[in-house]
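Each chain carries a letter (A, B, C and D) given by its place in the written order, and its residues are counted from 1.
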Amino acid sequence: MQLGMIGLGRMGANIVRRVVKDGHECVVYDHNPDAVKAMAGEDNTIGVSSLAELAEKLNAPRVVWVMVPAGDITTGVIEELAKTLEAGDTVIDGGNSYYRDDIRHSKTLSERGIRLLDCGTSGGVWGRERGYCLMIGGDPDAVAQAEPIFASIAPGVEAAPRTPGRDGEVAQSEKGYLHCGPSGAGHFVKMVHNGIEYGMMASLAEGLNILRNADIGTRIQKGEGDAETAPLANPDFYKYNFDIPEVAEVWRRGSVIGSWLLDLTAIALQESPDLSEFAGRVSDSGEGRWTSIAAIDEGVPAPVLTSALYSRFASRRLDEFADKALSALRKQFGGHEEKPGD
Amino acid sequence: MQLGMIGLGRMGANIVRRVVKDGHECVVYDHNPDAVKAMAGEDNTIGVSSLAELAEKLNAPRVVWVMVPAGDITTGVIEELAKTLEAGDTVIDGGNSYYRDDIRHSKTLSERGIRLLDCGTSGGVWGRERGYCLMIGGDPDAVAQAEPIFASIAPGVEAAPRTPGRDGEVAQSEKGYLHCGPSGAGHFVKMVHNGIEYGMMASLAEGLNILRNADIGTRIQKGEGDAETAPLANPDFYKYNFDIPEVAEVWRRGSVIGSWLLDLTAIALQESPDLSEFAGRVSDSGEGRWTSIAAIDEGVPAPVLTSALYSRFASRRLDEFADKALSALRKQFGGHEEKPGD
Amino acid sequence: MQLGMIGLGRMGANIVRRVVKDGHECVVYDHNPDAVKAMAGEDNTIGVSSLAELAEKLNAPRVVWVMVPAGDITTGVIEELAKTLEAGDTVIDGGNSYYRDDIRHSKTLSERGIRLLDCGTSGGVWGRERGYCLMIGGDPDAVAQAEPIFASIAPGVEAAPRTPGRDGEVAQSEKGYLHCGPSGAGHFVKMVHNGIEYGMMASLAEGLNILRNADIGTRIQKGEGDAETAPLANPDFYKYNFDIPEVAEVWRRGSVIGSWLLDLTAIALQESPDLSEFAGRVSDSGEGRWTSIAAIDEGVPAPVLTSALYSRFASRRLDEFADKALSALRKQFGGHEEKPGD
Amino acid sequence: MQLGMIGLGRMGANIVRRVVKDGHECVVYDHNPDAVKAMAGEDNTIGVSSLAELAEKLNAPRVVWVMVPAGDITTGVIEELAKTLEAGDTVIDGGNSYYRDDIRHSKTLSERGIRLLDCGTSGGVWGRERGYCLMIGGDPDAVAQAEPIFASIAPGVEAAPRTPGRDGEVAQSEKGYLHCGPSGAGHFVKMVHNGIEYGMMASLAEGLNILRNADIGTRIQKGEGDAETAPLANPDFYKYNFDIPEVAEVWRRGSVIGSWLLDLTAIALQESPDLSEFAGRVSDSGEGRWTSIAAIDEGVPAPVLTSALYSRFASRRLDEFADKALSALRKQFGGHEEKPGD
């Protein structure tokens, strides 16, 4: 079948390559003509220079995948597609949109008889090779229409052993894509997925940091400290110099925490045992925030996921005024002066 | 070579089976004679009825694995072994001991010329099949002496693809066991491993709970609530009924959070989609606590790992007096009465 | 001057009483005629049976205080006032409205030339006697118009010693009310105030709970515990039976944590040392949630305030599915059965 | 009566001044002779140059207050006093000792018939004027012996209104000192007190930081952000420039969060509205750590108190390796580069 692709960044381009590999044809567009030119030469890949041309090159009913930055840019493309496409066509928002935007965009498009699928897409730079995990929301008929595309992009059932108890016919979920529910459901599930990702990443990071500082007893002497700092009670218990890359490696086989994130940790530490080229200013890109807001709205506790989010904020020193207030208070009640930094 | 095994519970018995499968001979003891009887018939497995007999049946220098509950029971066995074994022998504590106990036990044994290795052992009930991840602390010569045993118990390099950048000779860590450092180092690394495990588990659990409650907008009406309860601002954004087992399944292929814990989550949900046979009283078994204490002693933040620990405490209602104090305070300043439960 | 009051609940009625005590006249309305009847007999207090009558009884330009539940009810009253009042009048929303609603309501009213002030009001059931702390947002002229009312409701400068460095003319803030900024600013500051309140309350509650359980060494024996539960390492360090009401009392004088919330804690514990009439289901009423959402939107960490919020959710068992998932996972990888409750 | 004082730092010196003001006589010692010289001239204050001379100048049974840094220094003084004093004498450790050290020190001294009282002392630099809150552990007879001293140091009942329900004879706790239980009980209660202090301080600090960043909508445009950073959804909701010192001031009268810490916050902000002379490196001095460890040992959740502790660690950048690991992981799976700092 045919797929239109709007947005040829890392993700969009790699999705196209998985789709054409299965014999589908892709009509591709990007606001940057060079990106179009770069891909147009590839198998089964036709470049176009406008959304109108994209619509023209696709046979109705069309399926168009939008893979551009979430927020205003996605909204702009959706609104333009509402004018360009026709009733019966399907638009797939594969980016990192807030699920609430999907609900809104879905209404915009449905006024023209166009259906929106929201599709959370996980896999990062490795997806071209491993396939992408797809979490889909929207109209069931539109999902059925686009299913061959989803199947090409997803990893397929052979990517993991089947869960015991699952036999017979292979379910969608086992192939690596899932129709999760009505409009917004896909990005809701992807949002929570990323919230979990933040928590798992922070779990690994905090653990490595504890290992890294297990030598503190060789740096601080027993009883050292003063009125401003807690002395270390038991320096003899903290005299380990762990080889962190080797520890990450050994955990990869047989341990309970075996995971793709651990595999990547091992790669990162293999490349750079001290991670010294990083400053430790950790970005966040929306889903982690939205997950915590969802927990708060639902009234359910998410202390781990939210702690992971706040640690990222703190890594960018966004707690500065709070910290100054604490130092100021300590000076007020105890006459404590701040200790100079190292 | 020969291995003595003390403690034939689930873990001890399965370790013996992996060891004998590689042609080693095991002399096995348990304080419960029936457990000894049950294993004694197996290949290359000799049962004994006392530690003295165990010492007698093993050729010096001996290697004896202790796999009994941490704390006083392990200490008791170690102290008895100090009397039973000889200089040059090696004792491996494979249980969940606190690494500080290893340091102490190591001194006890070294007075008799016996060496203690502490060996954190991860793999749970699946270890017999998958192999166990081994994190080892203690004397390098003793590690070398016992290495064939470690190699039999560990999963082996083929259990996972090699980390890019690692080629040539296969390192210990790639086979699934690692000499982490001096006495206590193995259990220190295992402790942190379990801390990470708590954090990852809680990440998954919190995420699933957010999905589970994504239908709250169908249960609570807009503006519902009173002076005691926050109204739900946007019920329309929370009307999803997710099929949680399918969501867990789809994440297993291609997603960033792919992990063994996720695989197990999928199995658990396949067996019981509502998990209704669980009450949700979550135990903790030491390492999670010790990890947080290590972070505090080192002075490094571990908000995610400690939140995961505290959630387990809260699941057992150990925050009851704190909650009562909050309700009492709300009544004092606002005249708020507690709302009845559901 | 005159003040119209809509809503004669605990807060509304007590505010009226502070206002009339200073010689102002109040025209009061409630949707419950009995509430109006009950107050109408008091000094300088005129009861009315409709908003139209309320408008009629007040001389223009009018000042009308709305003290009804936040959300849809407040919105309804505001919309009705938009039809009943005239250009030049001022409406004060003194309830617990979300500041974003104020911004919206302010626009609704300004189309008719009516000004909205949002006024966060803290003081609870004690406010009649102690005065209320007022955090005000909106048009400066409207603030000036209503200032005599604010001054009557607020505690006044004598309620606390002046802050060193503040001398000369007494600022608004020192009298207990403050114009914080444009529309929404008052409820924004009140929201953060309540977030802080949650954090302080939880600090006290957690501390008391630690004192309460300081006898755990008399309940659990050393080394007790099993594969499912961490043994208590040092029971001798936890054999204290603290008299919690006396501890709360001693902290009231000279300590760093002296506070009104501590005073109330002491009262609550004096009334009920075990707090046994409380179940510990702690409600939350919006501001705590909104504070955490504001932190997330701003990208600043608020781990303490959000932990306090999540503890309230957990007290109402809203983490149940998460806890079940953890127990299910422990069973999967370790064969651990849940322990029965007490 | 007579009191011996060892340690003439800020706290020790001010305690002496409260004691002599009530007509008691103080014999004072410090390892720094200049500190002794400086005080020896004051009313009822006799300086000595050794512990032996201190013992000589005091009539038996003696009461000796030790006010030196916790840890090894306190242990050294206690051990020396064990040799210098006699059976029937009482030593009071008024410093910030770990309560577990008190239990140990108590045994050391009791072998010589000397009794140890542990006395948590709260009040900071303001204590000379306000009095100190005293939390006492140890032998009841020794408490009775030293009670006149405690009464002089504590604020006295008039420092706060009596708690409703408390009438008739004034309890110890109402005077500002309390015998909390056996050895260690005083410092245990003081430890928890400081844990609560950390939580309350962090509550205020986080709240102020949220107010401070409420202008983020004027700094970041709607939709701004890129694949690395979450865009701000609603900049219009974050355009407030709050006058933080005025906000702190208004909360001092009538609000629920009125507290001594808030009073000090107001002073600090009055002195320095931007707190620009602070770097925000917040020290911690032991009790906060020990409180969290006590919670973990007891198995009770303390998410707020521990979050407050971890925020202090993070303010000193002790999470650096964790943050680098997160950045490294983001690069691995998503190709995300760290954003440069400001």
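Annotations
Keep this in mind: a contact is a pair of C-beta atoms (placed from the backbone, for glycine too) under 8 Å apart; a residue touches a chain by one contact, two chains touch by 3 or more.
Just so you know, these numbers come straight off a predicted model, no measurement behind them.
Comparing chain pairs A-D and B-D by the number of C-beta pairs in contact, the larger count belongs to A-D.
In this assembly, the C-alpha centroid of chain B lies 37 Å from the C-alpha centroid of chain D. Centre-to-centre spacing of chain C and chain D amounts to 28 Å, using the average Cα coordinate of each chain. In terms of their C-alpha centroids, the spacing between chain A and chain D amounts to 43 Å. In chain A, the residues touching two or more other chains are 124, 202, 204, 206, 209, 213, 230, 233, 256, 260-261, 267, 284, 289, 297-303, 307, 310-311, 314, 316, 318-319, 322, 333.
If you draw each protein chain as a dot and join the dots that touch, every dot ends up joined to every other dot. Within the complex, the chain A residues that touch chain B are 99-100, 103, 122-124, 127, 130-135, 154-157, 159-160, 163-166, 171-178, 180-182, 184-185, 188-189, 192-200, 202-204, 206-207, 209-211, 213-214, 216, 230, 232-234, 236-243, 246-247, 249-263, 266-267, 270-271, 291, 294-295, 297-305, 307-308, 310-311. Chain D makes touch with chain B in their complex at residues 256, 284, 289, 292-293, 296-303, 306-307, 309-311, 313-314, 316, 318-319, 322, 333. Taken in their complex, chain D has these residues touching chain A: 10, 69-73, 98, 124-126, 201-202, 204-206, 208-209, 212-213, 222-223, 225-231, 233, 260-261, 264-265, 267-269, 272, 275-276, 278-286, 289, 303, 307, 311-312, 314-316, 318-336, 338-339, 341.
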